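Each structure below is given as C-alpha cells.
What follows is chain A paired twice: with chain B in the first complex and chain C in the second.
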Partner chain A sequence: MLSSLIPKDNQTSLERVLSYLQGQNPQRIACFPLILNHAARVLGVPVGKCIQDAELFGKAHVAAYRRYGNDLITFLSTTSTLAEAMGQRMNFIEDDAPQLAEPLVKELDDLKKVKVPDFTRDGRMPVYLQATEYAVAEVGSEVCVSTVLAGPFTTAAALRGADVFVKDLYRNKEWVHELLEICCEAGLRFIDEILKRKSLPIIVEPIGSASLVSPRTFKEFVAPYLKRMSDHIHANGGGLPAVLHICGKTKPNWGPMLESEWDIWSLDGVDMGEAKEFAGHRVCLVGNVTPANLLTNTPEEIDAEAKAVCAKGMGSPCGFILGSGCEVPINTPGENLDALINAARKYGRFDL
Partner chain B sequence: MPEEGIAPVKTWLITGFLGAGKTTLIREQLKTAGARVAVLVNEFGELGVDGALIRAAGDVEVLELHGGCICCSQKEGLVQSVAALARGLAPNLLLIEPSGIAETSELLRLLAAPVLDGVIQLEGSVAVLDAETFLAYSEPDTFGSFFLDQVQNADVVVLNKRDLVEEGELACIEARLAELAPGAVVLGTEYCRLDGALISTGSRRRTGAPGREAALLGLTCLSLPFMGALSRPELSALLAEIASGRYGEVLRGKGLVPVAGEGLLELQLVGSRSNLEPFAGSAEPRLTLIGRNLERGLLSARLGALGASEKP
Partner chain C sequence: MARAREEILQDLADGVLNLDEELAVNTAHDAVEAGLDAYDAITNGLVRGMNRAGELYDEEEYFVPELLICSDAMYAALAVLEPHLKKDDSRVRQRCVIGVVEGDTHDIGKNLVKLMLDVGGFEIYDLGRNVPLADFVEKAKEVNADLICLSTLMTTTMNGMATVIEMLKEEGIRDRFKVLVGGGPISQAFADRIGADGYADNAASAVRVAKKVCNVAQAA
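Our next item is the complex of A and B:
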C-alpha cells in the first residue's frame, strides 16, 4: 500500500495509550508488537551482546521504537530472567536469546538455594533496570515503557525444569507452593523496582498455558499468585493497569484468569472474537497476529491477518489493542512490522 | 522443496512425559537401528542428560534443540533445525525426541511445513507411557492438554513398565487407550524392550508405497483404511485367516471396522484372540496390524477384495 494512503497519526504513542486508561477512544487503536530480542537487529548488534549490556539494551529498544513507532517498549530477553537473578544458570548464545542451563532446583531440598534477588547486582537485573531508566529518560514522554517479568509459576518452572515442575504439581503440591511463595516475593520486589523507574510492569506467564496446566491446576497454583501481583500493581502503581500476557492456548483457563483481576490480557493462540465475548467487558484485549507468520509471511499477508484480528477485536467494551501473539521473531523483516502497525492505522480507527 | 536424487529422511517422533522411558526406548532401538541415525532432542533445562544418554548408546549423532519461549508460537526453530539436520547430515533415520510437555498435534503441524516436503518422510509418532501412572495422568484435569494430545496423536503406543501393574489395572489401561487412541498399536514393554526393532534404518519406504510401516526389521506395522463396509461373514473369515497365520505372525491388531448394518466395531487382536465391541464415536475406519514376516501382498489383496484398500 502506498504510504500516502495510510492515515496519519495525530496522537503520540503515549497519548494513544493514555486514552485507553481514561476510558476514551484514541484516534486509532494502539499496536503492541512484542519486540524483544528483535530490537538488537534494529541496532545492528548481536542479540547475546545486546541483552547483557544495559546501554545497548536500552538503545536497541529506543531505536526499535524510533524505527517502527510501536506503542509499547518491552524490555525482556527471556522469561527466565528473574529465575536467573535468583540463581538459575543460563547459557548465553552469541546471537540468540539465552537458554536455561541445568536447573538450580534439582532436588526438593535445593529449595534452600532459591533466594529473592538483590536487584543492584544479581543476574541481569541491573541491565534491565538501567536500560529501563535510559528509555524512560529518552522517550518516556512520548511512548509507554514497560519492563517485563515472568510470573511466579513460570519462574518456578525455570528454576526446576518445566517437565519436572509439571510433575511436581501432581506429586509435591505443598513443596510447589513453597517455591511459588519465593518466586512471588521476588516478582513483587521486581515490580517495585520497575515502578520506581516509572516503567510499566508486565507479567508473562507462559507456563500457565492450557497446554501445560488444566483449569483446576491453574486455579490452585497460578491464579492465587497472579492475583497477588495484580493487587500489588493496583496498590502501588499510581493508576497503572495490571497487564498479563499468556502465550499459547489459554481459553480453558479464562475463568480463573478473570478471577485474578488483570486489566489487560495479551493473548496468543485464541479466537479474539471469543475472547471479546468472554472477557471483553472486564479486560482490555491485546493480540494476536501469529508470531511465526511475522517471520515468514509477506506484508500483504500480515495486513490481511491483522485486518481479520481487528475485525474480531474492535468494539471490545474495555478496549482492543492490535499486537503479536507472542515475541516478534528475531529475524522478522522490518516491512512486516510496518505492515502490522499500519494495519492498526487502517483498521482500528475511531476518528472516521 | 524436494531435492532431486535425495530420498527424504525417515523420521519418527518419540513422545512421552518425564519418566515414561522415551530416552530408554531410543537407546534400545539404537542397538538395532543400523548406521547413520540422528536424534534431535528438544528439552527445556535438562538437555544435557538425555543427549549424553543417547550418545552413550552408540554411533549416533545427537543434536540438542534449544527452545525459545516455551509456547507453541515460537517453534519455527524446530522446522529449521530438522531441515538443516536432514540436509547436512543426511542420516538414514531421524528420531525426534521433543520435550515431555510438547503437544504432538502441534509438532505434526510443524513437521508438515512445505519447507520439509521431500526433506523428511514422517513415518509416525510413538507415545511412550508409564503404565504405573497412566490412569492417573490421563484424567482430563490432571495436566493441561499436552498429555492426552500425545496419546491421541500416537500411531504406536509403547506401554512401558507394564510389569509393575496388576492385570486388572492393565485391562483398565487398555480400555482407556482404546478410547483415547483407537487406531494406535499398543505394545507392552518392560524397560522399553521390544522383541524386535520397532524402528530401523532399513530400506526406505518406497515412493507411492501404501500403508504405514512402523518398521522394516523385526516388527512391521501396517495401518489400512477401510473403503467400504464388510459383512459379518467376511469379517469372521478375515479374522480366522489372520489367526491361522496365513498373513504372517500378527502379534497385535486394532481397528475400527465398518460392518454392514452394525456401524463401526472396535476390533482388538492379541495373538489369535480377537474382540469386537460397538464403537460410539466417529473416527476413520482403519485396520492396524503389527507383527513379523507379514505377507504384505497377500494381506493387501485380501483386504482390497473386502473393500479395504491401502491409503495412497
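Our next item is the complex of A and C:
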C-alpha cells in the first residue's frame, strides 16, 4: 500500500512498550513479531553461523530491528539452548536452527550428568549473553531487548528426548520432578544473568503446550515450576514484567497459567477474543498471526489477518500487542513483516 | 479355568485404553491359554482399545503421553499374540510409506500418525526422520504403496513436500499414489497449493483422511 496511508509513529519503540508497563495507552499498540533465526537473513549470513557467533548474533538482531522497527528484540535460536549448556548435544545445520542430537539422559541414572551450566563458558551461553550485551549497548535506549530461555518442562524434554520424557510423566514421576528441579535452577540462574545485562528474560514452554500434554500434566509438572520462574522475575527484575510464550494450543491450560502469575502471555493457536475474555483482565496479550502464513501469504493477506486479530485483541483491559503466534519463519519475505508491523500502526491506534 | 471370550476381549481393550501394559500382556497370555483366536483377540481386543484411545485423543481427553503409553501396551500384548496368528489371517492391507521430510528430525507427530494408521489397518513402511526426498518416491515404487504420508514441523522444510509431488509427476507416476501431508506449519491451503490429496491436523483425523482418499470403508 502507499506508505502515505500508514500513520506515522510519534513514540520510540521503548516509549511505546513502557506505556503498557505504566498502565497507559500508547499512541498505537506495540508489535512483537518473534524474529529469531530470521535475523540472520537481514544481516545476510547463514543461520548456523549467526547463532554460534556472539558478534553476528548481536548484529543480526540489531539489524533486524533497524530494518523492521519491531518493538522487541528476541535473542533465541532454539528452545534447546539451555539444555545444550547443560550438556545436551546438538546437530548444527549450515543454514537452519540446530536440532537435538541423541539425548543426554538415556538412562534414569544419567540424571547425574545434568548440571546447572557455567554461564561464562558452557554451550552457547556466552554467545547469547554477549549478543545481549551488544544489543543493549547499541539500541537499548530505544527498544526493549529480551533474551529468551525455555522453561523447565521444555528443557527437561530436550535432555531426555520428548518421546521418552512424556512417558516418564507416568512411569517415573518422582524422577521427573528431580530433573525439573535442576532445569528450573538452571533457568533461574540464566534469568539472573539476563537481568544483570539489563535485558528482559522471556520464558518459552512449547512442550507444555496443550497440543502435546493434558491440563492435568500441565498442573502437575509445568505450572509449579513456571510459578517459581515468574516469582523470581518479580522479585529480582526491578519491575520488569514476567513474560511467558507457549506455542500451539493453550486454552485448556489458561486456568493454571493464570495461577502461575505471568504478566504477559504470548499466544499461538488460540482465539484472541476468547483469550481476552478469559485472561485480559489479568495479563497483557501478545499474538497471534499464523507463523506459516507470514512465509506463504501475500502482504495483503497478512494485513487482513492482522486486522482480524487486532479486532479481537484491542480493548483487552491489561493491553494487547500484535505479534506472530510463534517464530517468524526464517525465509519470511521482508514485506510480510512490514505488513504485520504496519497493521499495528493502522489497526492498533489510541490517538484517533 | 479358561476365561470367557468377551471378558478376555474387554480386558485386552481396557489394558490398552487404561495405559495398563501389565493387564494387556497378562490377558494376551490368557487369550493364548484359552485358545482364543489370535486375530479375534487383536482386532476385537487390542485394536478396539487403541481406537478408543484415538477417539479420546481426538476429543482432547487423551494427549500425546497417554496415546504413546497405550501404544506401548498394545504392542507388548501384540508380541504375545502374533506368533499365534493363522497364516490366512494376513489380510490385504493398504500400503503406506511415511516419514519426516529432509532437514527435519521432529518425529513425534509422524509416529502418532504411523501408530493410528497401523491400528487403522494400513501396512506401514516407516522411513523415519530427515528422509531424503527421493527416498519417498523410491520406497513407494518398491512396495507399490497406496499412500505416501509426509510430515514436518518446520517452515524451512515444508517445501520438500512439494518437491516429492513434483518428483512423482516427473516420473509420470503421480496418479499411482495418494499423498497426505501434515505437521505444525501445514494447512489445508498449503496441501491444496502443492497438489496433495489430503491434509489432517491430528493423528486421529489422519486415519479418516487416509481411508477417505484410499477409498477404504470407514468403520461405523
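A few notes on this one:
We take it that the second predicted complex is superposed on the first by the 352 of 352 C-alpha atoms of A that agree within 3 Å, B and C clash if a C-alpha of one lies under 4 Å from a C-alpha of the other, contacts with A are read in each partner's own complex, and residues count from 1 in each chain.
The working rule: contacts are C-beta pairs under 8 Å (C-beta built on N, C-alpha and C of every residue); 3 or more make two chains touch, one makes a residue touch a chain.
Note that this is a predicted model, so its numbers are computed, not measured.
When both complexes are superposed on chain A, chain B and chain C clash. Of the two partner chains, chain B is the only one touched by A:T79; chain C is not.
In the superposition on chain A, contact is made by A:P103 with chain B only, not with chain C.
Applying the stated contact rule after C-alpha superposition, one finds that A:R66 touches neither chain B nor chain C. Once the two structures are overlaid, the count of chain A residues touched is higher for B than for its counterpart among chain B and chain C.
Once the two complexes are laid over each other on the shared chain, residue contacts for A:R89 go to neither chain B nor chain C.
In the superposed pair of complexes, A:P206 makes contact with chain B only, with no contact to chain C.
By the touch criterion defined above, A:G325 reaches chain B but does not reach chain C.
Where the contact sets of chain A with chain B and with chain C meet, they give residues 91, 93, 96, 99-100, 162-163, 166-167, 169-170, 210, 212-214, 217, 248, 252, 290-292, 295-296, 329. Of all residues in chain B, those touching chain A in their complex are 17-19, 43-46, 48, 66-76, 99-101, 103, 106, 136-137, 140-146, 149. Residues of chain C touching chain A in their complex: 19, 60, 62-66, 68-69, 72, 103-108, 111, 154-156, 158, 184-187, 190, 193.
Listing the residues of chain A that touch chain B in their complex gives 78-79, 91, 93, 96-97, 99-103, 158, 160-164, 166-167, 169-170, 206-207, 209-217, 247-249, 252, 268-269, 290-292, 295-296, 325-327, 329. Of all the residues in chain A, the ones that touch chain C in their complex are 91, 93, 96, 99-100, 162-163, 166-167, 169-171, 210, 212-214, 217, 248, 252, 290-292, 295-296, 329-331.
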